[in-house]
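Letters A, B, C, D and E mark the chains in the order given here, with residues in each chain numbered from 1 onward.
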């Protein structure tokens, strides 16, 4: 479960500059690779997909009449990031927020562009979720996306751009931004559902009791759910904020679509809350199952002890060596005693049966 | 309990398009049958009930001076749905929400019509609730309702339409929409009450302890209640939103009636909250009952052990084979020892009685 | 405890029309008696108290210059209710709410009159509370009150009306309505206090442990408190709503008095919250007491076993029949062994004492 | 702990008139002494402190150009209270609120004066807090304070009035009211801190386990904290309300000081919340400690039983009287058996040690 | 853990004047050293760092055209504090709040300056956090900071002031104040992370069970987290208040930076909430682990007892001394009995194995 812990820990321990450093001081995320930049430029009729080696190449494209998506994967080179910041006129604090992952998801309006910080979730199959920050700079005719690592869930958008003949190619940069965020949010549900499957597995483990780290796994899962919650709730607020702004980066027609993303976000956080409640119930069940199991153990002990302790006493009684002990010399003493013992056992078994001790109570 | 789990799971695992697909891409619900369409057209004096085979038949009716209810049951045919969407000028996102069940209940205003997503609840008798999405498109002179499956709880409305001579036949499409939603919401209460009966049964099981899956059933029930809560709470908000809009799809006189539906919704969610609290209390009781039962078991063990252990020791003592053991040779040793044993037993019984161990403490 | 359960259940299972029935369809409460109607008409100088046999008698009184209070007890006759509704011009939904008990307490303004739905609480002495709906129709010169059953807590108001020479006789119908609601709310506190006494009794039971259905009674009480909460909280909101409306049914001077009723309501709900917290604490205490008691049982078992088990072993040792066993033939073996046993017992007792096992730990 | 219970109970059971009595009907608190009235009149240069025997004496002073503080201690004489109400033109409901202790702290504006209901806390040392209602009537040139009993915490204010040469003597009645409320609120903190010391003591008791009513005391303390919470939270709201009113009884300069009192109130309620959380944690610790202690008991039992039960069996085996039992006749049987027993004991002790059973686990 | 307790206690027990003292009465914190004052004056081109011996020296600097930071460390000398208050025209209540540590973090606007009360956190490594109040007086051209003790985390700002050539040297006093608060808030995260490491350690202790004060340490940690929460939450509100004020002490450009500090604050409180949830989960795990461990102990006892008790009975049976006991005289009795015993043991072991008692269940 080490990857999950990493995810949860990354959520907490963020790389950051020395306390007291000037605002805007960049400290790159330790494990982030060098940026790999792609430029996608399109309008209704044409589509260009170009690998960018140096940020300087971008400048020409921005002023063209096409919609541009600059897709930056990896934050591991300060020089490149600063060049990009200059080209897109990013506020130093904005760049700091993009680099110092993880930021709480939020929307921040600057004069020339809108910033939106979101998270990409992947995995979930073994209770381990990989959380990655994706930041968007949304301007009139371009969108820049920054990801921590190579690889993402946005291939669907790339394909729609390439094949053309759809609303994406005929709309502005705000619709592109919507399409990207929508795709990220759509990818939340399968991750959360995978966690739901983990809960179902844990439920079986709890009631069948054939695993020895159920408790630990349950705690891990709760911690993962908590971490997802911190990813999704603030995004709801950020989206809601974008929907409510009248003359912002998003046009009225695209805001209708954003409302749809917002709904999906609400759905995702509903699912998380439901799973959190389920996992709480599961913790209670676990405690009950442990208690019940101890009950079973105690019953076995008590039944065995209670049956044999009186018998042992009786046999001990007639093992005494007193000289005067008349029963000892009667011929029928032994069979009578054996008969009495059988009756004691029968009586006790009947007593236990009536108390329902032979019924399983899990 | 498989059906309940389905219901709870359906609430979670919704069918959905591939991540990154264009908005408006339709993915039909897997188990939904082909649409069965009925058209009900009426005014104060006439009433028509017609089975529609092809959506094209509807076009003529819409422009008539009658109020129309198009009742679509089943979402299993993409072509029919797209035709309907075109006739009623549905926004692609609206159609997507209708098809991608389950949506969170919500009200969404578009220019030509008002959308309302609600849920129909049925069952409840064995703790299993069947949740089905019912979506309404409400326009000036027609209402379209979409259900996932054939069969519903709306026969009361159909009958009132047919018999005539009531407010329904003399009012507009908004009153029809109210009547349909009201009927759906009225059907919530018996379902929730059936769950309340399940809780009462579980309470008996907990205190009588004669079932071996009480804990599991309790968890199932809590999960079902949670799922109903997610169905009803958002509907409250949606209705409240409709009531507050001044110049929306609902006239002032019908909004008074909607307020009544809202009240019923609040009542239903109050009941659910109450049952949730009761089930939490029941979980606590279960833990206490298990503890108490273990207490009983321990008492039996302790009473038996404590009484016989000293006696066994005494008899063992006089079973020793030392050559010099004067008591052994006295004539009255045996009866004296027996008498001592009786007194020990009496003393211990008195001790236990004073401690109250013979009192049941459940 | 059957009556309490009834109260809690009534709160849940309300009588209601068939799903899909037209709004305004009346279904009378099953156990409600036939209406018994009283008319009280008064002004500063005169007071009339008349038993009404037929609603038609009321019509003349309404147009008089007196303030009228029509006191309807019992909802068991549809015809009478419909006649009353016609005389007072009640909206069909209003009458439905009056009849379909229990409604959530609420205030609803109609054009000609103000409706207020409240609840009357009685009992409480054995943890059983009787909840009854009281609905008020408040118009310019009359107040109509509807109760489910005969008998109420409003005799104080009737007496003040009869004796005269007080603010009630010189004020309008709004002050009458205030006086009635104030009296209902004042009657909440003794009921809640009686529940508080039940909690105190249960607390004694928990710590003394001399009752065998403490747990059940505690759950019942929590359920009753929950039910009262649902009666009082919405009433707070309803009253607050009436206080805030500037030109409503209540004049500015009477609104000052309503503020007082609101304060009493807040007080009552504070008490309920406090009792709920106390009962939660009591549940925890109960669990602790059960644990402690098991601890005691275990200590007795352990002390007895631990003392006698080694002794029994020793005596068994010298009960063996080996031919070569030198101790057996020594004269002092027996007294030495007895002495050793006494020392073992003393040692173990000292060990237990130092561990504090002879101290009660409840 | 009887005094604490009284405090908590007084908080709940208030004296009150018969249900249905006219508003303004006075029912005096049972244990309240006859009123003892002091009048303090002052301006910048002079100060008068006079014991008032009859309310009539006050009338002259009110119209003087001095600031007056009438300090009424004890509510046990209806006639005196009614005379005071007439002099100060108190609304009947206002007088009722002053007399019917305890009221929820609140601020109520009347035309001629501002009412403020607060509480005085004293004690706390043994977990027992004495709660007393102090009501203020604040008018342009006088303040009347009503206390339930003789004696208070306001001597500091009296001294500052007497010594003069401070802001109090040169300011108006609003500053006097502020000074009184501020003094009451300042007195909350030592009371709450004393409860904090009680919690620290209880924490020691829980972990050392040398007291037998820890659980009861913990519940008492939680109940006291709950009662203080109900005293302080509403006061926050009342003060906030006074601060926000622009043209009320308090001038802008004094409202700055009221903000300070409000801050102290927030501090006090923060402390209470913190102590409540601590006491919840303590309850959990208590349960854990009880479990751990049972664990210890069980370990002792198990160690002793597990060691001696096999030995006893072995010795019983060779105590059998079969005629053919070859071991019995061998010379070395006895010493070999003793050796085997020593090895069994050693083996079991090693097993327990490896399992860590000899380590304390509290 | 004494230092932690001090921190938590300091948070609660603040030094304060006698109840009833005039507002503005100063009571110095007991352990606070004499003030050590530094003055930093700078503009774009020059920077002066001067140790101030007497407050009078400051007066000249204030009216200069430089931005001034007066850094007061230690609150142990009333005379110096009063002189400072006079120079900066502090309201008596403001000075009281600065001296009476700890205040709840808050922002208070006075006419000439803005006050901001914050807290500095240090430590955290052993679960012990040192909380110190830092108060800021922010005016047009100077900032005064008051700390309780010598030493702080602000050296980064001092260095940036000294090295120059950055935004700090070219901006106004509001940017200086921002830089100081930002540095304080940046220092929260490592402290909280250190507590997170403590939680991770405690988690290991809980599951490995090799420490004997896990429970106590967990409670301590929760109490520390609670105390940090009370430090950070109110600061969020205070910062938010400053951001929203249009024409306050902070210019529009600096408010963008304050928004960043606010985000960091939200991040910090998110972390604290997450750790609080984790520690709650850990408490539950602890209880489960204790239960599981008792389960293990019980199993050992039950297995041993259940195996040997029937054997002991059998051997006792044939130790009886009846004269007529035929088995005793048969030659094969002894070996047959031994064989039977082996079979009993094998049967019981199989029974336990099937029940899964030999599987660890932690």
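The rule is simple: a residue touches a chain if its C-beta (ideal position, glycine included) is under 8 Å from a C-beta of that chain, and two chains touch if they have at least 3 such contacts.
Keep in mind the model is a prediction, meaning the values are calculated, not measured.
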| item | value |
| --- | --- |
| Lowest number of touching-chain links that must be crossed from subunit A to subunit D | 2 |
| Partner chains shared by subunit B and subunit D (touch criterion as defined above) | C |
| Whole-Å gap between the CA centroids of subunit C and subunit D | 26 |
| Separation of subunit B from subunit E, taking each centre as the mean of its C-alpha atoms, in whole Å | 42 |
| Multi-chain contact sites of subunit A, meaning residues that touch two or more partners | 287, 291, 294, 298, 301, 305, 309, 312, 316, 319-321, 325 |
| Ring topology as an ordered chain list, initiated at subunit C and continued via subunit D | C, D, E, A, B |
| In the complex with subunit D, residue positions of subunit C that touch it | 153-157, 159-160, 166-168, 179, 182-183, 186-187, 189-190, 193, 196, 207, 256-257, 259-260, 263, 266-267, 270-271, 274, 277-278, 281-282, 284-285, 287-289, 291-292, 294-295, 298-299, 301-302, 305-306, 309-310, 312-313, 316-317, 319-325, 355-357, 359-362 |
| Interfacial residue positions of subunit B with respect to subunit A in the complex | 12-14, 16, 18-23, 91, 93, 96-97, 103-104, 106, 108, 209-210, 212-213, 215-216, 219, 222-223, 226-227, 230, 283, 286-287, 290-291, 293-294, 296-298, 300-301, 304-305, 308-309, 311-312, 315-316, 318-321, 325, 327-334, 337 |
